[in-house]
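Pasting the structures here.
There are two complexes below, and they share subunit A, which is joined by subunit B in the first and by subunit C in the second.
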Partner chain A sequence: MSYQWRFDVAVDNLPVLLEGLGHTLLLTALAMAIGLVVGLALALMRLSGWRALALPAYLLVETFRTTPLLVQIIWVYSVLPLTVGLTLSPFFSGLVALGLNVAAFMSEIYRAGITSVSATQTHAALALGMTRSQVLRRIVLPQALLRMVPPMAATWVSLFKDTSVLAVIGVAEMMTQARIIASDTYRPLEIYTLVAVVYFVITYPQSLGVDRLFARNRVKE
Partner chain B sequence: MAPAPPFLRVEQLHKRFGELHVLRGIDLEVARGDVVVVIGPSGSGKSSLLKCLNRLEEPSAGRIFLDGEEVTGAGVDLPRLRRRMGMVFQHLNLFPHMSALENVMEGPRTVLGLSRREAEHGARALLDRVSLADKADARPVELSGGQQQRVAIARALAMEPAVMLFDEVTSALDPELVGEVLSVMKQLADDGMTMLVVTHEMSFGRRVADRVVMMDQGVIIEQGPPERIFMRAEHERTRRFLQQLAWDGD
Partner chain C sequence: MDYWRFDTVLPHLGYLLAGVSMTIQVSLAAVTLAVAVGLVVAMLRLSSIAWVRAAAGLYVDIWRSTPTLAQLLWVFYALPILTGVPLSVFVAGTITLGCHYGAYLAEIFRAGILALPTGQAQAARALGMTEPQVLRRIVLPQAVTIMLPTIASQFISLFKESALVSMISLEELMWHAQSLAGFTMRSVEVFTTTALIYMALTYPQTLLVNRLHRRALAAQAGTARP
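After this line comes the complex of A and B, so read on.
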């Protein structure tokens, strides 16, 4: 007896899935915002040349870059409450883990972008009488930003997909919704296929856009 | 008549990069309005000397005075010091994300806090002074090397510096572009700007310098009026250096 596919069941539940999609997008946007801000701070700490700042930033970045995201999420959700006594909702635990994970990768993008602007630019700006922070704000970051946009956009795209890992702690994003529907309807094959299609439909155009950004950047060099 | 006190005075300046001792006790005085041309073989410390003056490089020892005020040591307001010493570099280093006009406006806007209108007014006048008024909206990549260096001169002048430092500003240029930059510098000298010019263009030294300073291996080995240095240098090392330049030019 062959399997009877019932995609109508999956499609009937599409609204519930899309409700989860709203959370997925919100988590992506918030984690990205954390990543952009904290990542810049971490990059500046590491570039400060001041060991007391550089070392903690280095340790944080490397910890988040060399452990699996799944482990980070579970750790923040279940170990942090026991060790620090800080209990966060699944949503906030997930957001903190995801945000710091993105920040670690962002800081490396910022760092590469900033160091790619040549020292002669900094010299020219300092010679005009600018302070270090004016040089960074007016001269270095605007030039670095152009080079940072493509890898940051790529990070956004993988972040969008990575939010699905938050299902493991039950954050009500799209993957969690899919799991709930799948067990309610006993139609996991159809539901998980549909959720894959939704991720694909949203990710693919963005991924093409990222490719275009990289190509455009290359021509400029 | 007693001579005017030197506007810029350097006393026993030393600079070390680790083991490398690139400046070994430089003493130098520059009077207001003087043009001092610094010559010498590469590696003699000429560039390091200029960069120590506005402290882009930190001197290892020695003192520097500008207009009677010591500018070495801790506690000196470095941005303020650098505002008073305009600098143009060997490398073409206009800000690539800004137009020529915006490059010249950047210092007055960001450092001096001038309004856009005031800064633009001054910047346009300066671009006119370096004969680039028609290139105000051009990006650096759209300009020749010579034009970029003239904008860089205007950018430095926008801060109304008391001294201008030129660090081999024509070395990176194609030969046919050197003249336009040197003539802007000559005009500046004629207008009475105090200038310290590191260059390999001996014709500039001959025509514009009030004094020529010969450096070798981190020390000043002789200095004097251009006619004496170029025609009757006392030191064998200076004569040999000038001779080598002449041959290289053939």
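After this line comes the complex of A and C, so read on.
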């Protein structure tokens, strides 16, 4: 028996999926914002030279980098409310977990970018009579930022895909909606194919953009 | 009620560790598949036939531009409808992780092969080495050293992402953790212990990757010298 494709079922449910897509995009943007700010703080703590600041930042970053995102999401969702007494909606606990996860990876990008500018350039600029802040503003940051942009853009693309893991705690993003529709309609083939196509259509142009950024933003010393 | 009572979890540690064994099994199976897929796709992407190159490129783009979870649910729920062959959760998990990371590995292999310095191979040929000798003695040792840290960090990602397979009920570490948390009503201790187990397994791997990375940088500095 050949399979009867019923793409009308998928098309009928497209509005629900797209509503989920709205949440997916919102979560990506908010988690990225958290990641950019918290990640910078963590990077500066690690570069500060003070152990009391560097050590906690190091531990936090390594914790988030060495455990699965799924574990982090479930941990924040089920452990935080009990121990801290802070009850968060699935949306917000998912956002906290994703945001901190991104922050950990972001802090490494900041740190690598800043330390990648060779120390001889700083020495030379200081020898020319620039102040510390001038060296940072005129010499180090312009080059470091150029190097940070491509990996940050790549992180954004991964983050967009990773929001799907929030389906495990039932945040109403696109993957959750797809699972609900698939089990309601008994049409997993059509629904999961459609949701994959939607993810692809949004992610692929961004991946191309990231590849171009990597090719263009190459700093030569 | 008091939390952080790890003595409630300790008697069940064996149950969690039984999950670790399955996590390692599915990761190893997926790594093997990923390397095979990666090598084949990398070769196809370097083919001289245009449509073969395009097909291999499309494969890489599809697996890299969709979430792993979407792929997993598709392979487990949708693929059997198309093929008529039901898949066990283990096989579905292995196929998904293997094909997903195979796409990333293909790109790494391709870049590694393209980056080989042609001057050295030419010099070795001029010294009278045969083509397999050039490959074995000159090209591969350097290419592997340079690619290894990137490949190894993909393996770490795969190992961590294997937790997703708990969502189709493969009884690995995360699945055991969720069932233990339900059984003991001790989610704080169970999930914290689970996170610590993952850290204990992943952290040594990241230290190894850092070392491989330093070695690769040293090797690259060596080849760059005139």
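Things to note:
The rule is short, and it goes like this: the second predicted complex is superposed on the first by the 198 of 221 C-alpha atoms of A that agree within 3 Å, B and C clash if a C-alpha of one lies under 4 Å from a C-alpha of the other, contacts with A are read in each partner's own complex, and residues count from 1 in each chain.
Convention: contacts are C-beta pairs under 8 Å (C-beta built on N, C-alpha and C of every residue); 3 or more make two chains touch, one makes a residue touch a chain.
This one's a predicted model, so the numbers in the text were calculated from it and none came from an experiment.
In the superposition on chain A, contact is made by A:S207 with subunit C only, not with subunit B.
In the superposed pair of complexes, A:T120 makes contact with subunit B only, with no contact to subunit C. In the superposed pair of complexes, A:L128 makes contact with subunit B only, with no contact to subunit C.
By the touch criterion defined above, A:K161 lies against subunit C but remains apart from subunit B after alignment on the C-alpha atoms of chain A. Contact with subunit B, but none with subunit C, is seen for A:R138 once the two complexes are overlaid on the shared chain.
In the superposition on chain A, A:Y199 makes contact with subunit C only, while subunit B stays out of contact range. Of the two partner chains placed by the overlay, only subunit C lies in contact with A:T83; subunit B stays clear of it.
In the overlay built on the shared chain, the residue A:T67 is in contact with subunit C alone; subunit B does not reach it. When subunit B and subunit C are set side by side, the one touching more residues of subunit A is C. When both complexes are aligned on chain A by C-alpha atoms, no subunit A residue touches subunit B in the first and subunit C in the second. The touching residues of subunit C, when paired with subunit A in their complex, are 3-4, 61-62, 64-71, 73-74, 77-78, 81-82, 160-164, 166-167, 174, 177-178, 181, 187-188, 191-192, 194-195, 198-199, 202-203, 206. Interface residues of subunit A facing subunit B in the complex, by the touch rule stated above, are 118, 120-121, 123-131, 134, 138-139, 142-143, 146. Across the interface of their complex, subunit A is touched by residues 54, 56, 79-83, 85-87, 89, 91, 93-97, 106-107, 110-111, 152, 155-156, 159 of subunit B.
The touching residues of subunit A, when paired with subunit C in their complex, are 3, 62-63, 65-72, 74-75, 78-79, 82-83, 161-165, 167-168, 175, 178-179, 182, 188-189, 192-193, 195-196, 199-200, 203-204, 207.
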